[in-house]
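Next come two complexes, and both contain chain A; in the first it sits with chain B, in the second with chain C.
Then we have the complex of A and B:
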């Protein structure tokens, strides 16, 4: 029993870190725009599909494919700002209009992916050693995927921390997130920082989407609402302002999910996740958005 | 002259009501029926989001609860159809009251997350509760609405739902002009100021949530008896998003927003269903709605009203303001409500 618990704890934290990564993207977006992008999870889907195209169809090495996929999705983030955010802001569209515009964008992207890649989940073998045997530590079975996720996210967090605390651009971004007007007075180009935060938010989510491939395959499930809402849940648990707390919230959600499957039922796993989210939202202290 | 201004909208409604008599195509009539049903849900959302400022991205849940409630009651219990639809509305009313509880503490994006979660929970229950809903297999054999002994034709259904929609819009219109309606608008502008003015915002929220849930439930009940078969696919999250899209496209702050948006958003995909381009039609329709939202964030109904008023002013017909009910009165503030209640509005 203990080995089963440990096993589930490891797998749960790994997938939770990925939810957290999606939540981190949500936080990065919310910090600068004060908006939630409901097409957020589409970036994960786009990242996974593009990565598939680059590796399987163009036969590029996997590491290069990841970088290219993340870059491409970041470019899509720029388009998102140029063609959805900016026109809406110009016409004084409120939050609800932005929600609906991005929701429709996510439907559009889902159908665009169906047109380009087809609706059938694509197999993507050999990724993150998923076809190798898992590691046995006594009775505990650990998937290679979990270790890969841990490694990637550690590297990523160190890089992000370096960017935010040591580089001028990162510091400016944080300044804009705190107070755009004061940042503008300090000579920071707020619009460029906004561009950057769109790119960062979509790029981070694309990375999460690629790392989620062994769990969901390269499928439309990656662009579906349920994972997206889990990402939002992580961001909310992180207080919408603190990126690393979102990662922590993700780990909590991942663990809760895995233990619900272990001890309660797998059919109602997501029901319980959503109930948790509602209760958490209602019990939060300051619930102003 | 003033009379002339009122004639044109009535003429448009009359023209719309004649369509099923002229068009023999059963599929067209069926889609019009679906559009009217969608209009009901969207009208409920206009009340909830446009007037009271509460977001809901889970209205497909009410639609689904209503549909399955009347299906179960008529098939398993043997209720007559009309009683089934009414009980569906009543059940949704109660569920709506429960859903209004989180809105006491949560607002904005967080409320939309709560409602999304609620919608997903209901959907998962529909899919997984096999003994009650038959899950993904679908629920067959739901009786049609009968008139006397004869089942109602699709054209007949069109008029029944048109009357229901008309009543719903009328009720909303009356409500928006009442103490409660003004209180709701004040609440969406500034909740704290409204409470300071002595309005019980919690009561307003319970009321508006249950009202829009009632609209959703009745719409779902009608849908169940229109299609005679239910499958969980009709109640997924994207359906909720579609309902809100209808309300936004039509115009959240306008009473007719739900009706206009429901028709436009239901008809757009059908127009794009061109032979040989079937895979593209969902892509095209979502793009079209996206463009509509970006170009006209305040919706079609107010835009049409503006153009209409300007035309009227140019032709020298009447004043420019009198025709824009619903739109112009959208900026009720807490102070206005207070004045209203003092002068014996309640």
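Then we have the complex of A and C:
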């Protein structure tokens, strides 16, 4: 029984970290723009599909393909800012308009991907270690892929922390999010900072999308599935503030899912997990009040 | 001026009328299949095989001297879209017969339109829920073995040939999966067997560890997989990682197609599946079809291509016998017996199914090895 619990905890944490990866991008965007991008998860999907195209179809080296995919999606982020955010902001369109516009955008992008790549999940074998030979710790199985994710997250969170607290650009980004007017008065180029935060959040999410391929395949589930909702849930559970809290939120969701299957029933997994999430949010708000 | 204008119109009218009467009459068929959305890969197989049959028949002079003309529609595997395109095909484009839709949910949504307009509808969808015994639509026919038959055959093989006594079942949440689960549980019960564990995985879930660990606790001797392709791949990869020993894996039809084996990679090795068709089957009719398909489309056919190829030929055969009256064609289809198709002899049964043909095969190092064929 003990090994069963540990195995469930390991598997739950591994998938939870993936949810957290998506949550990270949400927090990052919110921290720098004070906005929610409902097409957030589409960046992950685009990242995965572009990486597939560059590697499998154009036969480019994998490392180069990753860089190109992330840069392509960051460019898309710039276009998003230029053609969706900027016109809305100019006409005094508020946050609500941005949310609805990005919600539409996510549907548009999903259907665009269906037209270009088709609706069938694409196989992309052998990414981030073979899944045939996992690591055994006693009876407990750990995937190589999970180690990649863990390593990436560790480096990324430390780098992010450093960027936001120690570099001028990072500090400027935060200043713009907190008070754009004051930031402008202090001589910060607000427009350039906004460009940067759009590119950063979409690019980072594209990278997360590529990291998700071994589990999600190159599939529409990356752009339409419940993972987007779970990404937002992680971010909100973490209070939309600190990246590592979003990761923690993700792990909590992953654990909840696996233990519902173990102790209750696989049929009620999402019902109970999301009920638990709602209760958690309500209780936390009460604790804060 | 006005007289000349009227005269012009009259001349035009006469000209166009004579053009219509000069054009040879054609027999017009609609193909409704998914080309976008979740089932998009199926659309290509269906279209390719259908076009191949039409080209062959037209090259030999058509049916009763009429060339076959076709219009292809995309239902995006969505019932709402299917209703739109079927209405357009029947009411605007005035087709004489229809192949598809290929998704059971779409068939359920549209088969009444075919009935109301008396258009024969031949489909490759496999849910038992729209059989003639269930919905009573005399215009609706099925070109493939239905899921009930396939699951019955799978369970029969598991118990009789593999000696399975303690099966565990993992199933999805769509109609396709839940119907299969119910049939499987019934069939096991008939043999005095109760599954030791029943677990569900919802479409889109990427982690089956929890379910598989529960199954492992129950110590089954076989895993029966009744899910769609992506979930099948998720299950099999984690099944291998979790180190199951001496457990046979038997999967439903979605576990027997490239969409599953490509995603699962090496983890699919050893899986036994029930299939309606596989290009590896060494039957002369099947091999002839596979060669023609490869020559025409430079790729291998997959289920359900054979069903629509058979369908076009059997429809042409019925028309040759009875003529172009829709009511006669309907009756002719109902009375069809032992028509030689790629799937073996095709006979319309009480459920309006033309075939119960299925194969039990095992996937080994990249190919399907056929264990047994069941008619």
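Criterion: the second predicted complex is superposed on the first by the 275 of 289 C-alpha atoms of A that agree within 3 Å, B and C clash if a C-alpha of one lies under 4 Å from a C-alpha of the other, contacts with A are read in each partner's own complex, and residues count from 1 in each chain.
As a working rule, a residue touches a chain if its C-beta (ideal position, glycine included) is under 8 Å from a C-beta of that chain, and two chains touch if they have at least 3 such contacts.
Because the structure is predicted, anything quoted here is derived from the model rather than measured.
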Identify the partner contact of A:152: answer first if only chain B is touched, second if only chain C is, both if each is, neither if none is.
-> neither
Determine, under the contact definition given at the top, whether A:271 touches first (chain B), second (chain C), both, or neither.
-> first
Between chain B (first) and chain C (second), which does A:91 come into contact with in this model arrangement: first, second, both, or neither?
-> first
Once the structures are superposed on A, label A:258 by its partner contacts, choosing first (chain B), second (chain C), both or neither.
-> second
Could you tell me if A:229 is touching chain B, chain C, both of them or neither one (first, second, both, neither)?
-> first
Between chain B (first) and chain C (second), which, if any, makes contact with A:49: first, second, both or neither?
-> neither
Answer with first, second, both or neither: which of chain B and chain C does A:29 touch in the superposed model?
-> neither
Touching partner for A:100 - first (chain B), second (chain C), both, neither | first
Touching A:114 in the superposition: chain B (first), chain C (second), both, neither?
-> both
Chain B and chain C footprints on chain A, overlapping residues = 114-115, 225-226, 267, 270
The chain C residues in contact with chain A across the complex are 34, 36-41, 77, 199-202, 204-207, 209-211, 213-214, 217, 229-230, 233, 237, 240-243, 259, 262-263, 265-267
The chain A residues in contact with chain B across the complex are 36, 38, 84, 87-88, 91-97, 99-101, 103-105, 107-108, 111-112, 114-115, 225-226, 229, 232-233, 236, 267-268, 270-271, 274-275, 277-278, 281-282, 284, 287-289
Give every residue of chain A touching chain C within the complex, in rising order.
-> 4, 7-8, 11-12, 15, 114-115, 118-121, 123, 125, 131-132, 134, 141, 143, 215-217, 219-221, 225-226, 254, 257-262, 265-267, 269-270
Residue set of chain B touching chain A in the complex reads 49, 55, 57, 102, 105-114, 116-118, 120-121, 124-125, 128, 237-238, 241, 244-245, 248, 252, 279-280, 282-283, 286-287, 289-290, 293-295, 297
